[in-house]
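Next come two complexes built around subunit A: one with subunit B, the other with subunit C.
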Partner chain A sequence: MEQILANGVYLGSQYAMIALGLTLIFALMNVLNFAHGQMYVIGGFVTYTLYGQWGIPFVLALLMSCITLAIIGALIEKYLFAPVIKGSSREESTMLLAAGIAFLLDALILLVFGEKQRGVPKIVDGVFNWDFRVIMPYDRILICVLAILSIVAFIALMQYTKTGRALRALAQDRTAAQLMGVNVDRYSMIGFALGALLAGLVGGLLVTITGINLGMGGPTSIKAFMMVMIGGAGVISGAIWGGFILGFLEAFGLAYLSQYGDITYLLIFVSLMIFLAIRPQGLMGKPWG
Partner chain B sequence: MMNLSAKHVLGVAIFLLVIFVGVPLFIAATGRWDFYFTLTSVALLAIASAGVWLTFYIGRINIGQGAFALVGAYVSAILVVKAGWSFWLSLPAAGLFAALVAALLGLPILRLRGVYFAMITLVFTQVATLTALALPITNGAKGITNIPLPSGVSLFGITLIPDFGEIENARMAFYFTACILMVITYATLYRLVNSRLGHLCRSMQQNEELASSIGVNITYIRILIFSISSFFGGIGGAMFGSISQSVYPATFVVKDSVDFMLNCFLGGLGYVFGPMLGTLVIYFGWDLLFEFGKYQLLIYSIILIVVIRFLPDGLLSIRFSKGGKK
Partner chain C sequence: MQRRTLMKAALTAVTLTALQTTTALAENPVLKIGFVGVTSGPAAAWGISNQRSMETRAAWINETGGYEIGGTTYDIEIVSFDDQKDPKRAIAGMEKMAQEGIHYVVGPNVDDGAAAVRPVAEASDIMYFPYAFPKELYTAPASNAVLGMIANYQSGPAIYKHLMENEGVKTVAFIAANESDPLSQRDGGVAAAKELGLDVVSDSVTYQVDTTDFTPVLTPILRSRPDLLVLSGVSPANAPQLIRSARELGFEGLISTETAQDAGVLAEGAGDLANGFISVGGASTPELASPMMNEFVDRYTKMFGEYNDESNTKVYALEYILETLKATPEAIDDVSAFKASMDSFSAPNPYMNGDEQLTYVGMTSFGQKRQIAVPLVVNVYQDGAFETMFIARVD
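Showing the complex of A and B:
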């Protein structure tokens, strides 16, 4: 039981970070970022190349993952999403654009990094063993702690800095924020970059444990969508709840249901449907936010 | 509906002439028999895309059509292989079953809107694949293979439909079947959009609360529309399974669902014939780019992005002079 809870915390912290990036982009621009999983994969590959191939210290490699993704995110927002949102008569067009970008990133990953599964050497050796009740490798614990620290840092950024305040204002009401003197275009770009950065950060963290491959992008996006639905789209606390809930469900499912085959996700989905039938806006969401 | 202009009639006549006479003549002349398979796929995917378009008509973005296509393909395959039904009976049965599933699922999830609905339908496709892997009747990852070709139908001794296994050119037969189905689908769609129901749908697309407040039964309409759209998906999927003579859990995956949506968006959401054009362009574009080998996906995605960047309302927004506008 303790083991399952520990696994849940570990999975949940990763998931929450993925969901945070997705929900941030959604809150700011009303864009469902299909390419989020691909951004995560790119982050993983950058860390793999720098840390695994070139031997640069892990922390620096992680930082580079973040910077790369932030730049990619900013460019995508400035040159693709912003003009399409302005020029289209339907805001759903952004979904097509996001799907196109997901394909593009997939193609780029394939060309630049290849299709092989890649892993990096362990960052910390050894296994934490508490009386055989909780067994967890030290590197997982480290990654989990780093993830939780990043989440705390992100919340602090959103709550206590000028940028964070501007982003929250933007999420609440775009027009009102503009009237109050927020540079909407600039902060949309910063917000999108920040969301992409989070995806890259998780990718960089997780490459040390699960490795990374081209095919991980799509399923990651789907998981992120589920988390956002559980918590409520566009709400930061919701993304964190959603991430941890899905992490715990998955940990329990793997522990108790694995002997019946691959039905964990089937059950998670069915419960999600029942849950959404009762509460369509998710745990923390505003109705039709 | 009945005030069709001469231009419309002419457009439709030319279109029918092209697909039923022009294409076979062209293929016979050039000897490119593989075009039959390509065009059949386009016709079937266009049927499924028509369903996605219809869900958009009530203001919902449907990225779950792959799930219903998979359901249809499995229902038809199981009925033909395990229960020994004729394919022509299993086809409507597959559509109806998909519609039933859609009605049951739609009851809770059609309350969702916008991004929520899009996300949950996307998850559907994943779940359909997982279900197909988990259930015993679908034969797990091995799928159902060796589905017999559609058998003949005769009434009072007159052969209405020949046995596909016996006629020498089954590809052509499939092409005609698929095209007839596609024409019926789009005629239905056109009729639906220009009927009372279509007007009610448009009112819902704009504002559901308002529509509801003036007496539109929105719950009923959205379930009806979602069922019809899934019926199209089921038919398309069942036909697809019959042509490839096999169904696997991976026959329709998330990428297919996204493709169905792309077809609609690319063709233009404001036009009934948009999904048909979108499917044709996307499918052929993808095939033509095969020449570029490993750069195929790169070029394809760049073109897609450029199109949406400069024509965010779809290809038909350039406005051809021909009919097709609603």
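Showing the complex of A and C:
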């Protein structure tokens, strides 16, 4: 049981990080960013190149991943999403744009980084072993702690800084925020950049554990959508809950259901369908949006 | 006026370039060979290594004057189609090949894609070389598919037997991704292991292909303490993570797979933890590789920046097609002539040292020669490179 709980916390923390950026962008712009997974992959590849290939210290490489993704996110918002949102009131326009960006990024990743699975040297060696009740490599523990600290830092930024307050105002009511003097265009760009930065951060953190490859983007986006739907679309605390719930469901399912084949995800999907039929707005979302 | 002059100059330049290109291409007639496989998504590495192997070899042939078949020298053109590992796309890809008049296609890479394209291939007179294992593709009445590698039901028993005899392996556990190919390979492996008298202690654990942490997946398997952990049909993307997680959980037994892997990927993803990992390769090790194989690796690396060890096996399909056409020139437009020549075809294997031959095999597994003979080289990973564990033959 201790091992299952430890696995749940580890999986939950990384999933919550992945979902945070996606839900932030949705909250600010009502955009389902299908390219979120690809941004995560780029973050992983940047860290791989800087840390794994060029030997730059891991923390610096991670920082560069965040900055790179923030710049990419800002450019995508300014030159792609903002014009489409202004020119079209149909929601599917941004969805199609997001899907197009996902395909574009996939193609660029293949061109720049190649098709192979990539990995980096371990950042910490050794395995924590508590009497064979909990076995967890130290690097996983470190990444888990860093992920939880990042989530806390993100919440603090949203709660206690001027930028965070402006972003929350934007998420609550775009028109009212504009009337109160919030520069909507600027903060939309900052919000999108922040969402992309989070994708880059988690990509950079997880490349040390899972490695990275071209094909991870799509499945990552799907998982992130699941977490966001469980927690409530556009709600920060919902994304965190969604991430930890999915992490624990996986950990328990894989431990207790493995002898019956891979039915863990089958049951998770069925549960999600039933849950959404009963509570379509998710755990923390409001029925009115 | 200046603008008009500029436009005229540009138009003239474009026309001249087009004419030059046409003239260059017109030097030799072009023989088109198709590729339908996965070059995007999580399994992209499988198809890309195919496509790049073919493109490298084709560029090499064209650079050295072309390929002579029946007194005519051809330039080789590779026509590629990404099926995205989707059977519907694979069918569309094979239809595209038929529309282009192509009779020889390498791929698809996976079981369901290979099965899906069969009606199109048979109706359009296309011989195709899948990297998929379902026996019905290669046994009569099917006759257009030629297995492009060693199947797991051929390599698995050889590996298990070797490990039983040399390493004292008695118990085995299997893990596979929850997809058709790995699951069918697992089932084949389990049957082979039982037939050899191994005690199968776990064969029901599977994982999603997008799994990011294998610790929870492996924990229940490793409790059964197998001597050998088989990663059935594992992709190069997942292999390092599975090995790393298993070792970090304290597993000290042997780990093997029947798929081809890349040493660089293992080194990056698992480091020294991958030492001792057993996989199936091609004519890859220094003692087997001929000078031509080494030149192929050099050219591939120059062309694409980095070599992929999977191409040690993937290099063969195009060579088989071209050598068979050389031996039977009328087969260029007549697939039945190609089929007729397969029983007796033989040519020197240019990628291996010694007197190795390119021949078609498969009588034991399929009752007809519908498999290319590549050496069953079982490798063991050690400190960043593969070492040959043993070599065996199919048929």
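Everything that follows uses one rule, which is that the second predicted complex is superposed on the first by the 287 of 289 C-alpha atoms of A that agree within 3 Å, B and C clash if a C-alpha of one lies under 4 Å from a C-alpha of the other, contacts with A are read in each partner's own complex, and residues count from 1 in each chain.
Keep this in mind: a residue touches a chain if its C-beta (ideal position, glycine included) is under 8 Å from a C-beta of that chain, and two chains touch if they have at least 3 such contacts.
Predicted model, so just to flag it, every value in this text is computed and none were measured.
When the two structures are aligned on the shared chain, A:254 is found in touch with subunit C, with no touch to subunit B. Within the superposed three-chain model, A:210 lies in touch with subunit C and out of touch with subunit B [touch as defined at top].
Of the two partner chains, subunit B is the only one that A:274 touches; subunit C does not reach it. In the superposition on chain A, A:237 makes contact with neither subunit B nor subunit C.
In the superposed model, A:265 lies in contact with both subunit B and subunit C. Once the two complexes are laid over each other on the shared chain, residue contacts for A:7 go to subunit C alone; subunit B is not touched. Using the contact criterion defined above for the overlaid structures, shared-chain residue A:159 touches neither subunit B nor subunit C, since it reaches no partner. In the superposed model, A:183 lies in contact with neither subunit B nor subunit C.
Contacts of A:172 after superposition: neither subunit B nor subunit C is touched. Residues 106, 110, 218-219, 222, 261-262, 265 of subunit A lie in contact with subunit B in one complex and with subunit C in the other.
Those residues of subunit C that touch subunit A in the complex are listed here as 39-45, 48-49, 178, 204-210, 212-213, 215-217, 219-221, 236-238, 240-241, 248-250, 262, 264-265, 268-271, 304-306, 308. On the side of subunit A, the complex with subunit B involves touching residues 26, 30, 32, 34, 80, 83-84, 87-90, 92-93, 95-97, 99-101, 103-104, 106-108, 110-111, 218-219, 222, 225-226, 228-229, 233, 261-263, 265-266, 269, 272-274, 276-277, 280-282, 288.
Remark: subunit B residues 56, 61, 105, 107-109, 111-116, 118-120, 122-123, 126-127, 130-131, 133-134, 254-255, 258, 261-262, 265-266, 269, 294-295, 297-298, 300-302, 304-305, 308-309, 312-313 touch subunit A in the complex. Residues of subunit A touching subunit C in their complex: 3-4, 7, 10-11, 14, 52, 106, 110, 114-122, 127, 129, 132, 135-137, 140, 206, 209-211, 213-216, 218-220, 222-223, 250-251, 254-255, 258-262, 265.
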